Amino acid sequence: MRNRHNLAVVLSAVVLVGCAALILSQGVNAAGEGKITGTVKLDGPAPHMKGIDMSKDPYCSKAHASDPAHYETYVAGANGGLANVVLYIDGWTGAAQASNAVLVFDQRNCMYTPHVLAMDTGESFKVQTSDQTAHNIHPNPNPMTGNIPWNQSQPPGSPPVEKSWKATEFIPVKCNIHPWMNGWFAVVKGPYATSDENGNFTINNVPPGNYTVTAWHEAAGTQTQKVTVAAGAAASANFTFKAK
Amino acid sequence: MHDMSTHAVPHGAPTSFIRKHVFSIDHKVIGKQYYALALLAALIGMVLSWIMRLHLGYGSLAIPGLHLLSKNGAPGDVMTPEYYLQLMTMHGTIMVFFVLTTAPFAAFGNFFLPIQTGAEDMPFPHFNMMSFWVTFTAFLVLVASFFTGTGPTLGGWTQYAPLSAIGDVGGPGEGLGVVLWAASIAIFCIGQLLGSLNFITTTLDMRCKGMSLMRLPLTAWAWFITSIMGLTAFAVLMPACLLLILDHVAGTSFFRPSNAVINDQVLPGSGGSTLLWQHLFWFFGHPEVYIAIVPGLGIVSHVLITNMRRPMLSHRVLIYSMGALALLSYMVYGHHMFVSGMNPVSSLAFSFPTLVITIPSTIVVLIWLGSLYGSRLRINSASLFALGFISMFISGGVSGFFLAQPSIDIMLHATYFVVGHFHLVMGVAAMFGIFAGTYFWFPKMTGRMMNETLGKVHFWMSFVGAYCIFMPFHYLGIAGNVRRYQAFTDDYLIPLIPVHKFITIAALFTGFAQLIFVYNLIHSRFWGKVAPNDNPWEGTSLEWSTATPPPHNNFGDKMPVVYHDPYQYSVEGASTDYVMQTSTEQLKNTDEEK
Amino acid sequence: MSQADLSIHAQVSRTGATETMTAPTFSVPAKKMAMWLFIIADSATFAGCLVAYGFIRNATPDWPRPFHSITNVAIMTLILLTSSLTMLIGVRSAEQGDKAKAFRFTMITVALGILFAVLHIREWMGMIGEGATLFHNPWGTPLFSSLFFSITGLHLLHVTGGVIALIAVALKYQGGRYNADDLEITGLYWHFVDLVWMFVVPLVYLLNLAH
Amino acid sequence: MAKIFAVTIILIAIASAIPIVMHMWPMPQDISTHGYLIDEQYTDTMWEAGLSFLASQFLLAFFIWKFSSPKPGDKIKSFPGGAKGLVIAAFLLVGTECLALGVFGVKAWASVYFTAPSANAMPIQVQAGQFAFYFRYPGPDGTFGPLHPDKISEANANFFGLDTTNDPDSKDDIVTAEMAIPVNREIHLLMHSKDVGHSFYVPELRVQQDFVPGLDVTLHFTATKIGKYEIVCTQLCGLGHYNMKAYLEVMSQEDYDAWIKQQAALQ
């Protein structure tokens, strides 16, 4: 019996030291890491986005009384930048990204903010509601990937729901109570970024090396580009999508 | 060759604790077990209704500790819409199946039917034991759905397809929750089938000498008629549940229509009929309503007669009326489906028998009232509840006039009017029947009396409280308040919220009264006044002629022999004001039933 | 002397009366009554299934008619009918006290029942071989095979149960623990299973014969 | 105790009747051409049911009052007429009542379900889905394009699954989230469910009809009063059931023409 206890102690000590070493070594690497920046542009004029008739829920229509709501499939900036494009590294084999920021998927004025939420596999995110009307969150993953679908309501005042996804997938998410509400969970492996209103993005924490950067847009499709990242420097990758 | 006995093989009194109290084949123990199950189920069902009512009256109110019940259903104690519907479904299922069917029918029926017929036991005591344990298993399976990740099903106790058939994509609990629900109900059906077999054979084949069918007390008749309904109604529900389970686990699509789209995805399923479920369900569902209420009619008549000190104006008419109710109950089920898309001609075909069913119900009420006239009424907890039952039965019954007519049903279908109607007539009335039976038979079942004062307090709070809850339901329904809503966000419903607040307060008040009953029940069981004799209410039927509590074989060494009608009260020329069925006294001036 | 007999004697000695009970209504003793009641309930179950079948069949425009020959089902029907007959002979013999004959004919019934089940399963295997499953078939709407397999499956379950019950009762009858009435009661069930088949055949087979 | 009970029953019976008599929570106003039949039927039934209710509760209370404290030696009296009289009374009173209600009720029912929509009734398709109604107007060509369930995409506002590129009939179909109809014009409502069972209930219109998945049910009605009303779902359809509604706007013909033009521009 005693020997077994000793073994357990030694084993846990080894595991602890190993973990510590891993964490420390990451810290060391971080200094030498580069990043990938760039812009995503939309070729041609932005497609017309239909207006949303929210008359079903007086709360929602009131919230948009002065600023009519539109679908957010294509959100293009003034300079032709395309927002809501997820950029990530194809075939990432490195360690999981330690995330400091808390990812939040907010339901505000009967729309999803952000429209596309990118995340690493296993990274937890919060779904919260800022509305005074009940929503439900119904993501629809492909059951073959191993991601388990769920469907949960959030009445006004409910605490945030914390969730994560196991496998890489672009998961559409909907509110059945407000059928126009739709968004995406973009679950990727490794470092990622989402383009902003002007189409700009920055993928941080990329160790030096050769990579294939993939840009994904919910309607326009995907594009890839090869980049080389040098230690401590920023590589550049620009994409141009055509509206479909 | 016809040397077969009509009796069960007599079994000796068990000695071990397990055979005596757990796996007992004694119908009296099984009756008590059913009662305990119904009590447990009723408590659960009542707590669920409290939570729902609190939410409906005070929607934004967080109910402290609710998150402990369900992490997903009530995060931060705020009730989600799906959790409301889940509680509602479980409240309905538990109350209808495990309280209203088990308590008046299986619990009292098991205990008293063999005694009232003069039998030593039921003919198939092992079936009887199985019947209880199968029902108990069904209850466990149902309750287990609370503990699945997504919780119990939210489809309502009617479990309309295709919502119940499409799986989890339809909402939380619509996958595993529905499978557990359907499995529970299918198992329950088996239990009731076994029980019904025993009840019918007991009534037909196990009567003691002199006990002709017409000499059976009204309770025995009520249980007999109920068991005939149960025999066929549950037998139809069972395959419906099995087909529903197949839709979930075997990929069939009996109830899954083609091309259903949820979340922009076309669901698998091909050509299934959604109306089929409604037909199968209501073919069971309407007799089920009478399965819940007919034993109440019997119990109330029995209790009233003893306390009125006179027989009913007509024994036979009451029996025929109950029989007519049972028969008609199979022909009216379509009145649940007036706006379901069924052929409008068949709506009329279902409407007329539904209206006709008011005739036997009216006859029953009139016979009660007519018998009350000129009686010598004794007031005690049991008779108060029996009289309360009559009042509730009338109130719940008259609203049936509206719902029986398809044209008015257009306005009232699926509103609180329906909820008020069936809660009064099959909920409160049936519960009052159970209470009347409990206060009346408690001394025979346990050998102790229940506390009368507490009983009366319980009655007053329940009677006034129940009216305060369920009468306003009708007004809400007339104003168009839709049922099964977890919040009233529609403009025209907002003015009705104060009524809901009033109902919530009344519900909590009435619910509290039921706790008094439970206390009274438990306290009296162990510390109550010992019953003064074997016949504290001066009754005439066989249960009062045996020891208290009855011995293992019901009548000890001597099998009873019956000489009289069940209710010989206030017979002129008799030595006492009641003549027991077993009394050998010769009576003049009575035209005895044969 | 059966246990039932013993029970009467037990009571006689206890109460001193020769008869303590009212004669059973319809002169049907409890066990047989229970079997009749079970048959009523079971009929309701089958009726529910057959109504479901009729309902869905009427509501489906492209209902397939995949059966080309009635030979197999005719043979099966014949076997089941014969088994009812042999059951009848068995019960009759038991009533007349011819124990050996009763046992023999019950066992013939069992054999015919098993043969029926085997033929039935063979037919199923044939259909499965053509690609029919509970939720798919090559001929048209999958509901056809869902209902076909559910209804005939339920019937097959009854046949199997009947075969097991018959074997058990026959053996106990042989051993003297059961009497002719027990055999008769089991026979009732067997006739019922036969009768149900008479509804299943026209509705599920004949209506679905190819033109 | 029994006397208090009798009084309680009477008080409860009267208190129950007051809100009905005073119309405290009345039926919503009727804005349909057929609704008055239903309302008349309802009023007749209320009279009969109400009177039966009050009469039997009063009788019950009276008998409880009268017979609950018998003096010793009081004999049992029999109700005049006995059981036979009561049974005949029940058959006559309730039987005729039922027959009358049943027969007259057919008229109201028939007005909704046994009449065909007139030839110039305006067709509108309503689709129910978890948890919203959407409406489709056939547009200038007067025909609805076919539905393609696989093309339904709420994310792209294609709620019905229309194929506007390949189906010419679908091109001018107008899909809206609220239902506008011209006043005094018969509407032929084609009801279609996308997923599970729902129901179309407009109390003011005196209309309630379930959506049956896999079966397209129709309904016709005429609204007679301009205003904004709520369409609610009464068939339990899932977690958002209580929130499933849409607005029905009854407009003058000019307003409607303007509205439909505006909606067509938004497509």
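Note that the chains are named A, B, C and D in the order they appear, and that numbering of residues resets to 1 at the start of each chain.
Everything below uses one rule, namely that a residue touches a chain if its C-beta (ideal position, glycine included) is under 8 Å from a C-beta of that chain, and two chains touch if they have at least 3 such contacts.
Note that the coordinates shown come from a computational prediction; the quantities given were computed from them, not determined experimentally.
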Pair joined by more contacting C-beta pairs (B-C or B-D): B-D
Where chain B and chain C are represented by their mean Cα positions, the distance between them in whole Å: 33
Centroid distance [mean C-alpha coordinates] between chain D and chain B, Å: 29
Between chain B and chain A, distance of the C-alpha-averaged centres to the nearest whole Å: 54
Between chain D and chain C, distance of the C-alpha-averaged centres to the nearest whole Å: 48
Where chain D touches two or more other chains at once, by residue number: 129-130, 154-155, 238-240, 243, 245
Sites on chain A at which at least two other chains make contact: 133-134, 136, 151, 153, 172, 174, 176
Junction residues of chain B - those touching two or more other chains: 80-82, 171-172, 262, 264, 271-273, 275, 487, 489, 491
Topology of the chain contact graph, where touching chains are joined (line, ring, star, complete, other): other
Interfacial residue positions of chain B with respect to chain A in the complex: 60, 62, 72, 75-76, 78-82, 150, 168-169, 171-172, 262-265, 487, 489, 491
Chain A-facing residues of chain D, complex: 129-133, 154-157, 159, 176-178, 238-240, 243-247, 266
Residue ranges of chain B in contact with chain D within the complex: 80-82, 85, 154-156, 160-163, 166, 170-172, 174, 257-262, 264, 266-267, 271-275, 308-310, 312-314, 317, 339-341, 344, 347-348, 351-352, 355-356, 358-359, 362-363, 365-367, 369-379, 384, 387, 390-391, 394-395, 398-399, 401-402, 404-408, 410-411, 413-415, 456, 463-464, 467, 471-472, 475-476, 478-480, 482-492, 496, 499, 569-570
Chain B contact footprint on chain A (complex, rising order): 58, 133-134, 136, 138, 140, 149-159, 161, 172, 174, 176
Of all residues in chain B, those that touch chain C in their complex: 1-10, 118-119, 123-124, 193, 196-197, 200-201, 204-213, 231-232, 234-236, 238-240, 243, 246, 250-254, 270-273, 275-276, 279-280, 283, 557-559, 561
